[in-house]
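As written, the chains take the letters A, B, C, D, E and F, and residue 1 is the first residue of each chain.
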Amino acid sequence: MATTKLAFIVQRPPYKSENPKLALTHAIASQSVEIYLSDGDMVEPVIAFIGDGVLNCLKNQKAMETYGIISTENHIKNSLLVDLKVLVCKEDIARFGLSEDAIVLDAEEMGADMKVQVVSFDEITKEMESANHLLFF
Amino acid sequence: MGKLTIGCFSSLVGSMSLDFAVKLASAAIDKGHRVDLWVSGNGTTLAKKGQKPFKDYSYLAKSVTELTAKGLQVTACEACAEARGYHKEDTMEGVKRFSMDWYLASCFDADRVLHIGGE
Amino acid sequence: MRLGIFVSDFRNSVDTLDRLKAEKLGIILVQNGVYHATVKENGKSSPILDKSTSLYALYEDLATRGLTSADVDSRVKVVTYSDVVDLIFNEYEKLAWL
Amino acid sequence: MGKLTIGCFSSLVGSMSLDFAVKLASAAIDKGHRVDLWVSGNGTTLAKKGQKPFKDYSYLAKSVTELTAKGLQVTACEACAEARGYHKEDTMEGVKRFSMDWYLASCFDADRVLHIGGE
Amino acid sequence: MATTKLAFIVQRPPYKSENPKLALTHAIASQSVEIYLSDGDMVEPVIAFIGDGVLNCLKNQKAMETYGIISTENHIKNSLLVDLKVLVCKEDIARFGLSEDAIVLDAEEMGADMKVQVVSFDEITKEMESANHLLFF
Amino acid sequence: MRLGIFVSDFRNSVDTLDRLKAEKLGIILVQNGVYHATVKENGKSSPILDKSTSLYALYEDLATRGLTSADVDSRVKVVTYSDVVDLIFNEYEKLAWL
């Protein structure tokens, strides 16, 4: 019985490449990883948006209307729906002059209990320290 | 001896990151380590059957075939490949296709994970 | 020359824009380039907005990223793909995608 | 009405530059312009037959098919495609494959050229 | 009888992507473009390396030994061999503290008469002005 | 944590390196990252070389670009792919590719 903790750190804005989105879909895949593992073994992901990566978290992304693809916003909400831990760097939100109101913070309309946590970079560093492996996107 | 899991999300030929991943895998296997290589996003192009060697273009198909014979596990993200029109029959021999959870499972018991997610 | 420059990145890895000279120089912000029109870092607008008086940002790429006209700097005109076609054919004779 | 030649060297799905190129081509054709689209490097992936639509991934095959019916000329760099294991039979209907001189010839009589060569 | 002049401007270093190399191979393709054109019509390319792009011009690139691919250096020499005009920005060479000795300047060993010209950015601007179309790599 | 950071670009589009903290932090310069070890701009070395005392540059990527050990800053150790494997398994426990 073991748990491997993986930290998915998103440091780039959305849509230039699909990598920020792939961070979320890979983290969500932790829900089905047990088919490969022994009983009781787990993969525990944590997702953190830092630097320009916090721009992934803006509300009202119209990617489906404009380019026919599911928005990164939607993928963040899907992550909350399966109870993943999602962190956004407080200092970077301040640097961009964004109010918390402009940021995806919950997926209540989808029935998710989990919320996005706005935390200091020091908190995110602690998550990296407690993770077994780091995956930067 | 340890286990190294490499994830690579960059395109074949266009970026040298897949070259890096394959050369690092080769060096690690030569030292007796186990290596898993996960290719996702545009990296799935590494798994395409029928790549033609030109001196102008990086040609990794040969190295991948040699390394899988030496125990390298290469798995391509199934959905990423399908989106690009790579179906099961387009996949190079010795390379597997699974969902993203395969990568997480490989990370689970890896001693080291090198995730190449840059652009 | 009349030069239309497409900026598609928020963090440019090249300094070409600082050097290009043209009698008429327009900047069309597309993809992640649209953040130059909307984001203030530490209260400051992007220095790119000082490079020209003809500034455009693509509506579709703003909307994709959760941005609206209200977020766009007043110096920048919001344009659609259809407008970009007219800019290409009517306003500029050469194009550069940096 | 003019002629616009677009060259795009970025990867399908991974980068939105091909989406941009296709949408711009569509808007220009709607206004009565002629458009040539050259895809080279990783951009050749646009021409792959059998791309599967997922809501998660950008899906351009349908737009390309519709636009070629409206007169858009799409040509993929032959060597770039072969290097990636895309052969003639892998190419989407309505899309051509030629050497790089095709692009230069298209630029020759174009009124405007938009070359998307960024990374 | 017309000539269309295309300026291929390389602004990024080699090998991160294959784009700088594709600039050269596309310019070289001007040699065979006549099959598509009327008699006397021509495409005239000029290649200019600016900014970090001047790093493409360093001598002794061992890309064949290390990664099994033809070096960008070799492609520059091939361009000279077919008499293309190749320019390198003088100010950028100075900025990187490179001597002209460190830069590919000719392909005499291949029998090329043409030489790489080290010129000011103002000269390169003039080339862009006289070109019909610009292609930035 | 003991963190090995791979830098693969000459112009970084992210500022993550400036923020990462670790008891032991090593920087492995690969691909176009090797220019940090060799290029002086206006006479100045790359500021990346001040971020750590454990600096490495990949031999194969130097050679590819026409660079030799003689071009490399004295603070940086030239390593092969085989050496990188040992760094990964013996010197660091976590890895970051920025």
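The rule is simple: a residue touches a chain if its C-beta (ideal position, glycine included) is under 8 Å from a C-beta of that chain, and two chains touch if they have at least 3 such contacts.
These numbers were taken from a predicted model, which means no experiment stands behind them.
S.K.: Please identify each chain that touches chain B as well as chain E.
M.R.: D, F
S.K.: Between C-E and D-E, which chain pair is linked by the larger number of C-beta contacts?
M.R.: The greater number of contacts lies at D-E.
S.K.: Indicate the whole-number Å distance between the mean C-alpha point of chain D and the mean C-alpha point of chain F.
M.R.: Computed from C-alpha means, the inter-chain centre distance equals 37 Å.
S.K.: Taking each chain's centre as its mean C-alpha position, how far apart are chain C and chain D in Å?
M.R.: About 23 Å, centre to centre.
S.K.: Calculate how many whole Å lie between the centre of chain C and the centre of chain F, each centre taken as the average of the chain's C-alpha atoms.
M.R.: 34
S.K.: Can you compute the centre-to-centre distance for chain A and chain E, using the mean CA position of each chain? Integer Å is fine.
M.R.: 43
S.K.: Of all the residues in chain B, which ones touch at least 2 other chains?
M.R.: 9, 13-14, 16, 41, 56-57, 59, 112-113, 115, 117-119 - these are the residues of chain B that touch more than one other chain.
S.K.: Got the chain C residues that touch at least 2 other chains?
M.R.: Those would be 8-9, 11, 13-14, 31, 60, 95, 97-98.
S.K.: Can you pull out the residues of chain A that are in contact with at least two other chains?
M.R.: Correct list: 12, 15-19, 25, 52, 67, 132-134, 136.
S.K.: Please list each pair of chains that are touching.
M.R.: Touch list across chains, by label: A-B, A-C, A-D, A-F, B-D, B-E, B-F, C-D, C-E, C-F, D-E, E-F.
S.K.: Would you pull the chain A residues touching chain D in the complex into a rising list?
M.R.: Spelled out, the residues of chain A in touch with chain D are 15-19, 21, 25, 64, 67-70.
S.K.: Can you name the residues of chain B that touch chain D in the complex?
M.R.: Against chain D, chain B makes touches at 9, 11-14, 41-42, 45, 48-54, 56-57, 59, 61, 79-80, 82-87, 90, 119.
S.K.: Help me check something: in the complex, which residues belonging to chain F touch chain B?
M.R.: 6, 8-9, 13, 30-31, 60, 80-82, 84-86, 88-89, 92-93, 95, 97-98
S.K.: Which chain F residues qualify as touching chain C in the complex?
M.R.: Residues 9, 11, 13-14.
S.K.: Touching residues of chain E toward chain C in the complex: what are they?
M.R.: Touching chain C from chain E are residues 9, 11-12, 50-52, 121, 125, 128-129, 131-134, 136.
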